[in-house]
Amino acid sequence: MKLNESDIQGQLDRRKPGQSKLTTPRKEQDLVKILSGTEANLTLGTPICLVVQNQDFKPADYANMLDIPRPSHADYTYQKKYGIRSSSGGGRSSARETIGRVAAGAVAEKWLYEKYGIEIIAYVSGIGQIQIPTETEALLKQSMLKRSDVDQNLVRCPDEKTAELMVHEIEAALNDQDSVGGIITCVCRNIPAGIGEPVFDKLEAMLAHAMLSIPATKGFEIGSGFDGTKVKGSQHNDMFTSKTSSSDKKLGTKTNNSGGIQGGISNGEPVIFRVAFKPPATIGKTQETCTFDGEECLLNAKGRHDPCVVPRAVPIVEAMAALVLVDQILIQQSRVNS
Amino acid sequence: MKLNESDIQGQLDRRKPGQSKLTTPRKEQDLVKILSGTEANLTLGTPICLVVQNQDFKPADYANMLDIPRPSHADYTYQKKYGIRSSSGGGRSSARETIGRVAAGAVAEKWLYEKYGIEIIAYVSGIGQIQIPTETEALLKQSMLKRSDVDQNLVRCPDEKTAELMVHEIEAALNDQDSVGGIITCVCRNIPAGIGEPVFDKLEAMLAHAMLSIPATKGFEIGSGFDGTKVKGSQHNDMFTSKTSSSDKKLGTKTNNSGGIQGGISNGEPVIFRVAFKPPATIGKTQETCTFDGEECLLNAKGRHDPCVVPRAVPIVEAMAALVLVDQILIQQSRVNS
Amino acid sequence: MKLNESDIQGQLDRRKPGQSKLTTPRKEQDLVKILSGTEANLTLGTPICLVVQNQDFKPADYANMLDIPRPSHADYTYQKKYGIRSSSGGGRSSARETIGRVAAGAVAEKWLYEKYGIEIIAYVSGIGQIQIPTETEALLKQSMLKRSDVDQNLVRCPDEKTAELMVHEIEAALNDQDSVGGIITCVCRNIPAGIGEPVFDKLEAMLAHAMLSIPATKGFEIGSGFDGTKVKGSQHNDMFTSKTSSSDKKLGTKTNNSGGIQGGISNGEPVIFRVAFKPPATIGKTQETCTFDGEECLLNAKGRHDPCVVPRAVPIVEAMAALVLVDQILIQQSRVNS
Amino acid sequence: MKLNESDIQGQLDRRKPGQSKLTTPRKEQDLVKILSGTEANLTLGTPICLVVQNQDFKPADYANMLDIPRPSHADYTYQKKYGIRSSSGGGRSSARETIGRVAAGAVAEKWLYEKYGIEIIAYVSGIGQIQIPTETEALLKQSMLKRSDVDQNLVRCPDEKTAELMVHEIEAALNDQDSVGGIITCVCRNIPAGIGEPVFDKLEAMLAHAMLSIPATKGFEIGSGFDGTKVKGSQHNDMFTSKTSSSDKKLGTKTNNSGGIQGGISNGEPVIFRVAFKPPATIGKTQETCTFDGEECLLNAKGRHDPCVVPRAVPIVEAMAALVLVDQILIQQSRVNS
């Protein structure tokens, strides 16, 4: 496969900090370099090593937090797990680790698109109390939405009216030295039928695993999700219908409550899922908590963090989806060929 | 560890079909037998083989469905994946496979309880439109709920008033030859802090993987879940407070929006999550679908299925939670000891 | 793939005890039954479960060994590892576990032969001091040796003269209440070029892993093996030559010191390796050893064991080779298809 | 654990090219840098990233080999596997990849020594036709051999007389533009009893896998190895004897034909194995081979290679042994603690 840095840089740019007034002022160029695995812009089949160097790093910002575990951060749990923790910036628990996911995901996406025409489009469907209206989102899921549509505003919400409300929601949190969460919807089109394993590694299980491994995530829904628990089977079932084209004899479904997966295996319809992100734990507001020794105290965090990570998490969700799909498709390819 | 069949049979009985008027009339004794791995009721450290024999099996029930893929079932996707499918009862995609999960989970649970005092209690918190009221459920999560409390009614909902409404909801579906979904909440108490891996195998990611591998599941939430996306960080953050006892110096949190996990690692608070189940796909009602060849047709399913699987899924959720916890605890033990 | 019990039983019969005067008198029918994964003699793509029931089992034979760890057996190490051990017959460390390997290997072999024409032929090349002469073995490796050739005598050595000497070697050990080891050579023909992974999972590494997991093995050689360390590079290098046929353009090598693998990857020449088996640890002769408590003692073992396991190990070596090859070929198939 | 670069550099220096007249003149400093996973020279429990930059690299040396697959190299098999290959220096198949193994192994070794006192000492026991005499090697295996003893001569053979003959053997090959192979013996002391898994992942199987993954290896023997096939069981069995010390009640064995492993599990005696290395494939001598197109041709290789890699492979064998041991010990720790 042809591959060079420019195939990867685009998604890193969508993830990087400092993109707008709504995100952390921390500055990073986040330039990727391919160290190995290609020659003359062609992949060699051997492992590909990608490197992104950190640049803007201010450990002093974290100095006053050495004795106080930050609420809803990983300071306390890392200390309990390892008996030690990195003194600055969260170390391994920093969401900065997601840069590797996005870089690898960009390689996976390129392959998925070239081989199968698979398109993975995520967008922000909720910020705090603001949600895309249900009927609008139903249309969005069926549309041929592109990333350029998603990127038309700072919050990556393809419904312009909702986007404006979301910007206000984030600005309000920012002004209040507070933070706000949100929801990302992801639509994966053109996945061939037959992907995913039947029991423990169902396609939705692998996606759920991948999404809940992203920092700050609290929930995952495939297809109808939690709302699907409230309707009767006769409404929820996706009736089959012929979708045979000249080149391919196949069935489709009239509705897609299944989210493109039945029995753990893709059915050829778009795979659609949603991911919940909590509000970032680091806020400017004073917090009443306690020290590692159990002494009550007030915490005033400095650091440079986002009032809302959801718009920047869009390429992370896309990357993790791509990595799951490429793994599952390779597994299925070993079978098809036999 | 001491182990015999009676340690396992209890959970199998909670899962087995034919328990009440609300479930499938299909009858199975589901008696488990330990084939290997123990001697004189003691585990030997080597693999434990458990067997449950099928008894009540009527392939003829499925005969008329050979040409029609059942809507929202796995017939079509198995055919696409493997180029062949089992002609009766769903084969590998039958939820009957969960019997192995429950049997293995019972062994895991016993070990978790004996070594760490870990208790895993799941219950039904929603059936169709009926939900346990929010305040009631908040109290339930903090209570010392037991399985005997959960089993006091047919739907395994520990709030008696809600349970009655749920029974009606299921009966209505049954009378209507339809089906209904629901939600299971699971509370895991006494998990030591430090369990779960920091990046890809976060504890919530492993739980999400396990839960979405259960047939008919559509969603997973840890702690505050999707609702947690709607509040500000200052409300969502779990402030630390000393919970030191005479035997153990440790911190706890005043609230538990994190669901007992921070940075992918348990913090010592109860691990709490919710799982969404869709309404069963097999219904008595006539369905307008098409054959494998794309011909429109009407499907009248016979078979013997549940109008609602959620009460029977309670021990399955508990089993999968136990299996995840035992894996993650063993991984952490290899580290602690070093 | 078509599959029924008769595809598997043949190799089990070659492994089973009681085949001749040279092996243990322990009697087992070792009849295999397919429990799941097929329908109407066709594999369904889902896991295949095979069962072989034990029949002839005399725990009393092992009673006097409860306090004495048998020399060069696993009694002591299991006790140290697990803090407990099975009281009879070795439990999990009994070579009886290899029946599962042979059964699974027979399924793998069938697939390898049908898809690629791969033939896996192992034979006994050494028993105790007796070895097939070097020049004879060089010819054997290049011949189109079949399993029927190998099975023409009790020791499974395709060189008749050597076989006679081997029979005497085993009989002498038997008469002496002693035991004897040996060497198995395995030739795998028609493996396509490109199988095996480049770094940690080189094809020879996977084969070595598999072979050294067989009970009683002490060594593994690929191609020239230890003798290859003694010659110069100019003699050892396998020069390329065109082996293009009408259907396939390819290179071969004039010699095969590489054993069909270069850089961890198959080159299309036969994959040839050798496996060393120690003399069985259970012997009738009195042994001066000590009890678990460190008290010196004499051990007179009863039980029913083989003076030489090597002829019966031939199908085990073939099975493990087949399992490695099928895994590696499936991995490569996922790549080729892409 | 305390860790800095100096803990790792020593083994890299033993592996690096250009150490003496007997090795490739290719020069590399091979300086290691710790990128992540430590702070203030303490490991954090999170992954450790080590980097060694390449410096002396002359792709032009390989230019004339583009059309000719080097005999007994991986050029042909990589082309067949991936449909493409790196144009210079072997790419992924270059033994330069072993630098990562040695660096990681040094970290593993430090932990093994600090926690268990485990010492891993490999040495060269054969070069071409020259072998350490049997009785001398028997004494060496029982001695408290140190790495400083091994490093007293250029060939890393702790028997001085044999070492001199080995130097001549290598010089003769060098003068002849040829190459020569050899054998490395590795002794691992103070491994606690109970390490290794009972069936597929026996300790010797994991070691065999690891050793055969090292470039240019052709064979592996544990304990008595291939010679063990030639003796009777009564001679081969390792009789138990009390080796209880004041601090630890345990058994040992009078002989060690088992190589420290019984039933796949360590017994507390030294784990001893041997690894065969073929003569390097790159030689100065003209070779009669053919091009990728099957045309007969003469190959005159340039490049800069070793006439014998065995002395430099000593730290590689040690590193791979350390990596296997640390994995298996962590697995056992998860069990012991439970």
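Chains: A, B, C and D, in written order; residue numbering restarts at 1 for each.
In this text, contacts are C-beta pairs under 8 Å (C-beta built on N, C-alpha and C of every residue); 3 or more make two chains touch, one makes a residue touch a chain.
This structure is a prediction, so every number in the text was calculated from the model and none was measured.
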Set of chains whose contacts include both chain D and chain A
B, C
Which pair wins on C-beta contacts, B-D or C-D?
C-D
When the centre of a chain is set as the mean of its C-alpha atoms, what distance in Å lies between chain B and chain C?
42
State, to the nearest whole Å, the distance from the C-alpha centre of chain B to the C-alpha centre of chain D.
48
Averaged-CA centre spacing for the pair chain D and chain C, given as whole angstrom:
26
Considering chain B alone, which of its residues make contact with at least two other chains?
45-46, 78, 81-82, 92, 198, 335
In their shared complex, at which residues does chain B touch chain D?
45-46, 111, 115, 198, 330-331, 333-338
Taking the complex as given, what residues does chain A use to touch chain D?
39, 42, 44-47, 78, 81-87, 91-92
Taking the complex as given, what residues does chain A use to touch chain B?
69, 71-74, 76-78, 80-82, 92-93, 97, 126, 128-129, 173, 176, 178-183, 193-196, 198-202, 204-213, 215, 217-226, 228-234, 236-242, 244, 249, 251, 253, 257-259, 261-268, 276-283, 285, 287-290, 292, 294-296, 332, 335
